[in-house]
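Paired with subunit B in one complex and with subunit C in the other, subunit A is shared by the two complexes that follow.
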Partner chain A sequence: MTFPSLNLLLQSILSGVFIGGMYSLIGLGLGLSWGLLRQINLAHFGFVFLSAYLSYHMVSVWGLDPLLTLLILPPFFFAIGVAQQWLLSRFKISPFNSLLVTFGFTVMIESLIQYVWTADFRKLQSAYGEEKFKIAGLFVPVPELLTLLLAILFAFGVWAAMRFTDIGKAMRAMAEDGPIAAAFGINQRWLSLMLSGTCVALASIAGVCFALTFTLTPTQIFSWVGVVFAVVMLGGLGSALGPLVAGIIIGVSEAIAMAIFAPSWAPIVSFSLLILMLLFRPGRA
Partner chain B sequence: MKSLKRIVAMAAVAAGCLSLAASPVLAQSAPVRVGSTLALTGPLSATALVHKLVGEIYVEDLNARGGLLGRKVEWIVKDDQSKPDVARTLYEQLVTSDKVDLLMGPYATGAILSAIGVAQRYNKMLIHHTMGVPSLAKYDMHFPAWSLGPNPGTTVPNTLFDALAALPKPPKTIAIVTSKFPSLHFLSLGAREVAKKRGLQEVLFLEWEFGNRDFGPIAARVKDAKPDLVFVGDIGLEGNMLLEAMKKLDYEPPLHFHLYPAPGPMATSPETKNALSVTIFEEHAPFTNNPVAAKFVKTYNERAKAAGFPYTKVEVQAAASFTAWQLLEASVVATKSLDDKKMAAWLKANQVKTIQGTLRFDKGNNFGDDLMRIKQVQNGNWVTVWPKEWAAPGATLKQ
Partner chain C sequence: MNKAIVSGIVAAGIALSTLPWLGAPAFWESFLYLLFHWIILAVSWNILSGYTGYFSFGHGAFFGAGIYGTAYLAGTVGWPFLATLPAAVLVAAALGVALGAVVFRVASVRGELFALLTLAITFVLATIILNTSIDGGPGIYLLGVDIPRLGPSPAASLYMLGLVSAVATLLISYWIYASKFGAGLFAIHDDEDVAEVMGVPTYRFKLYALAISCGLVGLAGGIHAVFISYVTVSETFSITVPLSVVLMSILGGSRHWIGPAVGAVFITCLLYFFTSGDFAVFGRAMVGLILVVVILFMPTGVLGVFTNWRHARRKQQAVVEPPPSHEGVDGQAAPVVRLAAKPVISGEVLLQVRGLTKSFAGLKALDDVTLEVRKGEILGLIGPNGSGKSTFINVVSGHFKSTAGEIVFDGKTLTGLDAHRFAQAGIARTYQIPRPFGHMTVLENVAMVGMFGGEGMSRAEAMKQAEEFVAFAGLSHRAHVLPEDLNLHQRKFLELARALAARPKLLMLDEVLSGLTPSEINEAIEMIQRIRDRGTTIIFVEHVMRAVMALTDRIVVLNYGGLIAQGAAVDVMNDEQVKAAYLGKAHA
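And now, the complex of A and B:
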């Protein structure tokens, strides 16, 4: 082990912060769905990738600006989220069964992506992809910065909405004790549909950011499941700010492991942190 | 009524006689059935679709030339879903249930090893396209179409370092960064040994798990190490991701070599300029001086475009696949039989001229000469640059 130069270490930490932003943006909707709707929505990862491919298509084939897709895709995905929730509640799917059913949805989404865009690699080429600037000797890539800013914006936005709005308070009440909340006039069905729509819309935003940063291939879907699950559990189920903090902690820890020790140690980091948390704060996740 | 019975009986006898008389004719005209699996779905499907297209092109052309032993050839290809265990089951089916005459290998080392196991159990010959770890293939009747040689961990790095030694300013320091993917890792470790023996100073050695997401810290460490040459043990998109991460740090490695990059993205991305890799075939002279190769390139380009492939040029995968079919045809034609043992014995004793060069199978584990050449991305295309006799016209290794 050789200790890296300060610049290398700081650049690696910055890289970890950015990848942490991506983890948290993907994890935000997943954690809300898990914590408030009691649904472990594995299809969330499928929606992230479906959105990434649609974004790629809109930019590469239709010539739209990538940032414009951030406005077009979320309403569409909101509707998908509402439809999914309607389906799950219609058949009274239990939390555990939701894991299996939504895994099935993910496989279907992966097959759909392969059918439409094939299994070949797809890269969204845009002017933003090349943009970067330098601060204090550190390079800051614009797409990653955008992802991080959106992760912060939506984490705080959702946190504020949950804390200060009537709908947010109703959602928390519903998650706390559904029957009592219903006794106070809270329309659980409507709230569940809205919340599911919001979670999937958040997945679509993560998807656009993903397409701006990474080359796409359908089978990548499952390579993100483990680390994002760790982020969600570490951040706390149903928490808005927790995944942001946990994502950055995991991203930075992985980056430091790669910079100081070996890149092959990075995958151990997220789960080691999760195990440590479960040992010391067993009621958290 | 009696006469009706007589007519029916006569018709039955006539039909029986006709079928008896016709059976040798039918047997003669029954197609030669070749069975294989390919990863038509799953993580390996992008590359497997190349093998499917090549197989279709070859079989169509073979049938247009009269087929094998005067019989049409029928190719039965099943989807192994990129899973070696599924490949094993399907090869069992091909042999026992479909009763195919001949076997053709699947795509990717894991599935090939599964298929070899089944072929061994039923004494079938197996020709395969892209087996990446020669030391694992022990069966006497397997034949690799990818001419890696028996010791690629030594021969491939030597070919690369020979090419780089011919540069006006050869590299003196090397960083070896590699995925732990099995077919790559042993080659990267081999490169370490060979580099050491040839006097290159190793300034960095890093390994990452296959599926790594963040290449920023790896790029930063390579930049910090300031190597003359970066040897990247990558597969698929890993090399692109590493080069993209380097570009974000405003760093361009002086020389960078990639083991098994995704050919399209590596050739066409802006940050991959001058990337080096290994090849057995590229679609330029002198490879295309062979009329069979030239015809194949033309057909493949058209069909790949029609099929919507993002990268429509013939390179390593397509060439290895075509070579496998050439080997199968050559062994049937030479032995005038579909007997696996006869064909295998012929392949072991003879050399076969293919579009990638002359192949032989008389060295360790039925591997022959290492025909790997060095190619480089130049103006958005892969061109062979080493050895000089296989270099594209006018192409030289760029630094």
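And now, the complex of A and C:
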């Protein structure tokens, strides 16, 4: 155990904030569908990676600008989300079985990715990829900053939509008690389809950010499940701002653990937080 | 039929044990070993998760504990291989018990939360092993470990170990399935709170199930460590183990003792034949697709579909039987349930409640209630909605722990004990909205309570006695259907039969008459009289005043959690405070 210099510590806290942005961007859609639709959508991770690979493909093979893929992909994934919700509601899937079904989807997506792009490491090379600037002695990489800004933007956007729009209020009513909400004229079916579409579109946005910052390999899909679940549960299911705060808390505490102990100790932080959370504040989940 | 399967498994085990000496190609030994391996994992997972409904995603952790138990002791410390296997079992079981001892105390960690928590444990354990001297990063080589000769070759020895363990696991799974312990686990699966109130020691049973499940998977891990001969953290604690195991069990049918084994055989064959060769990617995709299709179209698994089909057939048979005359009610079709000639109310106190208080975050649902119930009487407990009647029953049945006060029953102080101790002392209750165990037939529901309520009976005795109580409640013609096929009236009578099966000294009836038609109410009143005539003391919570006046010897009135009047029915009804509570005060 060694104490790093102050500058190094600050740099790692900053990178913790950035990785926290990534966690919360992935966690936002996952937590919304979990809290509001009562579906634990493991396929969310599959969609993040599929979107990341598609973005990689569009940039590396077709030569598009990475930011352009941020506009192209979400509508496509919105449609996937709608289709998935249609299927799950058609068969009246329980929350637990939704976990199993969407795990099945994830395995299929993983195989698809492996078939098309192979199991090799892929890295999206773009003009922004390596860009960074220096503020007060700290390096700020541009792709990570973009991820964090998008995470903040969407967290507040969803929060405002849930709070101030009629659709948002209807969604909260539906999550509280679906049949009663339906009796008061809320079109549950349509809302669920839209909500699921939105969540998966958010996954695709997270995917593009992921491609900008990380090296891609299909087996990585499952290594993100645990920590993002921890973020979602810590932040509160169905909450828009919760995952943002929780993501940054977990990201920073991981970064500090890495700096002080060793990088391989990092997972213990998020999972211990998750375990304590489940044991002492299970009501939030 | 289950007995035949058990004999079949033992016979198959003996037949398969000759394989290494028959000179079959080595492929078969390793392939069958893998089959045994997955059978142990899936079946042991099912003992906890299928039977109790506590879905564990932490099987990877317990498996890993077994793997590393053997790998560390045999590879690093240098124990002989066979000696490490009991250690692997113990390490995994101890890990499970330590986890369960904490987690099972938190009532809300059920369902998907339990699944997540166990998943998190896996990653924590993996991180600890990776960063300490147990592994330290590079993994552990076990090629140098001596494998004792149980067969013609080392591979054959592992094959034999796997075979024996798989057969043992299946037998244990069947033994639990057919035992009283198993009945308790299935009750926990259907409704844990009710199971506890009916006398199942839920906490202890969950711990036992977890310990057995973990011990078996630890054994599989210990053997597997030597089979793969090179152990790494990333391989051991990958998500593959927990998810495959869940998949196999769901596919085969997780409510059946052999279901997971069926699923294990199917998936292992599929993976083996697809993933070897050029189709590896398609094999995985195929597994994903099968999972989706199975959950969507047969959420209860292959054997679940089979069981449902059998229930459906029984239901058809039931319709053929003649409809019941009111045999249960005029008391002739239930000869064994003896009726006492005349109710005797002794002066002896059965239940004594002193200063009983129950607060929910500041709201006092029960406020300093003191009352006595004498042996043999029917005590009416009335009061407006929200006056604390149901809370009283929930506290006196042990479901809620009281905030203050004392409960003395039949000379024993029960205050603060777990609900199953209340049931074992001789207290039974019905629920206002019937809460039968959904996956058990009417008969099994009643037998369940006979096994665990009161002094408890063996499974066979309880099944026999249950038929009598089912007949007493006039449900004989519905004995083999699931509760979902009963109408409200029948469900209420099932609640009664179930409470009676505990042979309680004190029976608490929570609005058994609500929602019944006038003629059904008459039937129920008659039945309650006959229950009392058998010498059972009754606390009767009811809004139907006609029944209260007809049945009760004494009345207690609650309002805002406090006791405002008690005495003979007529006196209480004329009490000013009682009138005010029900009708309000005139503003003169």
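Methods note: the second predicted complex is superposed on the first by the 281 of 285 C-alpha atoms of A that agree within 3 Å, B and C clash if a C-alpha of one lies under 4 Å from a C-alpha of the other, contacts with A are read in each partner's own complex, and residues count from 1 in each chain.
Quick note on the criterion: a contact is a pair of C-beta atoms (placed from the backbone, for glycine too) under 8 Å apart; a residue touches a chain by one contact, two chains touch by 3 or more.
Values in this document were obtained by computation on a predicted structure and should not be read as measured data.
Judged by the touch definition given at the top, the superposed model places A:18 against subunit B, while subunit C stays out of reach. When the two complexes are overlaid on their common chain A, residue A:225 makes contact with subunit C while staying clear of subunit B. Once the two complexes are overlaid on the shared chain, A:105 sits against subunit C while remaining clear of subunit B.
In the superposed pair of complexes, A:141 makes contact with subunit B only, with no contact to subunit C. Contacts of A:233 after superposition: subunit C is touched, whereas subunit B is not reached. Of the two partner chains, subunit B and subunit C are each touched by A:262. In the superposed pair of complexes, A:274 makes contact with subunit C only, with no contact to subunit B.
Using the contact criterion defined above for the overlaid structures, shared-chain residue A:150 touches neither subunit B nor subunit C, since it reaches no partner. Contact with subunit B, but none with subunit C, is seen for A:8 once the two complexes are overlaid on the shared chain. Residues common to the contacts of subunit A with subunit B and with subunit C across the two structures: 111, 114, 262, 264, 267. Across the interface of their complex, subunit A is touched by residues 41-43, 45-46, 49, 180, 206-209, 211-214, 216-218, 220-221, 223-224, 236-237, 240-241, 245, 248-250, 262, 264-265, 269-270, 308-311 of subunit B.
Remark: subunit A residues 4-5, 7-8, 11-12, 14-16, 18-19, 111, 114, 118-123, 130, 132, 134, 139, 141, 144, 214-215, 217, 219, 223-224, 227, 251, 254-255, 258-259, 262-264, 266-267 touch subunit B in the complex.
Those residues of subunit A lying in contact with subunit C across their complex are 40, 87, 91, 93-97, 99-101, 103-108, 110-112, 114-115, 222, 225-226, 229-230, 233, 262, 264-265, 267-268, 271-272, 274-275, 278-279, 282-283, 285. Interface residues of subunit C facing subunit A in the complex, by the touch rule stated above, are 55, 102-103, 106, 108-109, 111-113, 115-117, 119-121, 123-124, 126-128, 130-131, 137, 238-239, 243, 246-247, 250, 281-282, 284-285, 287-292, 295-297, 299.
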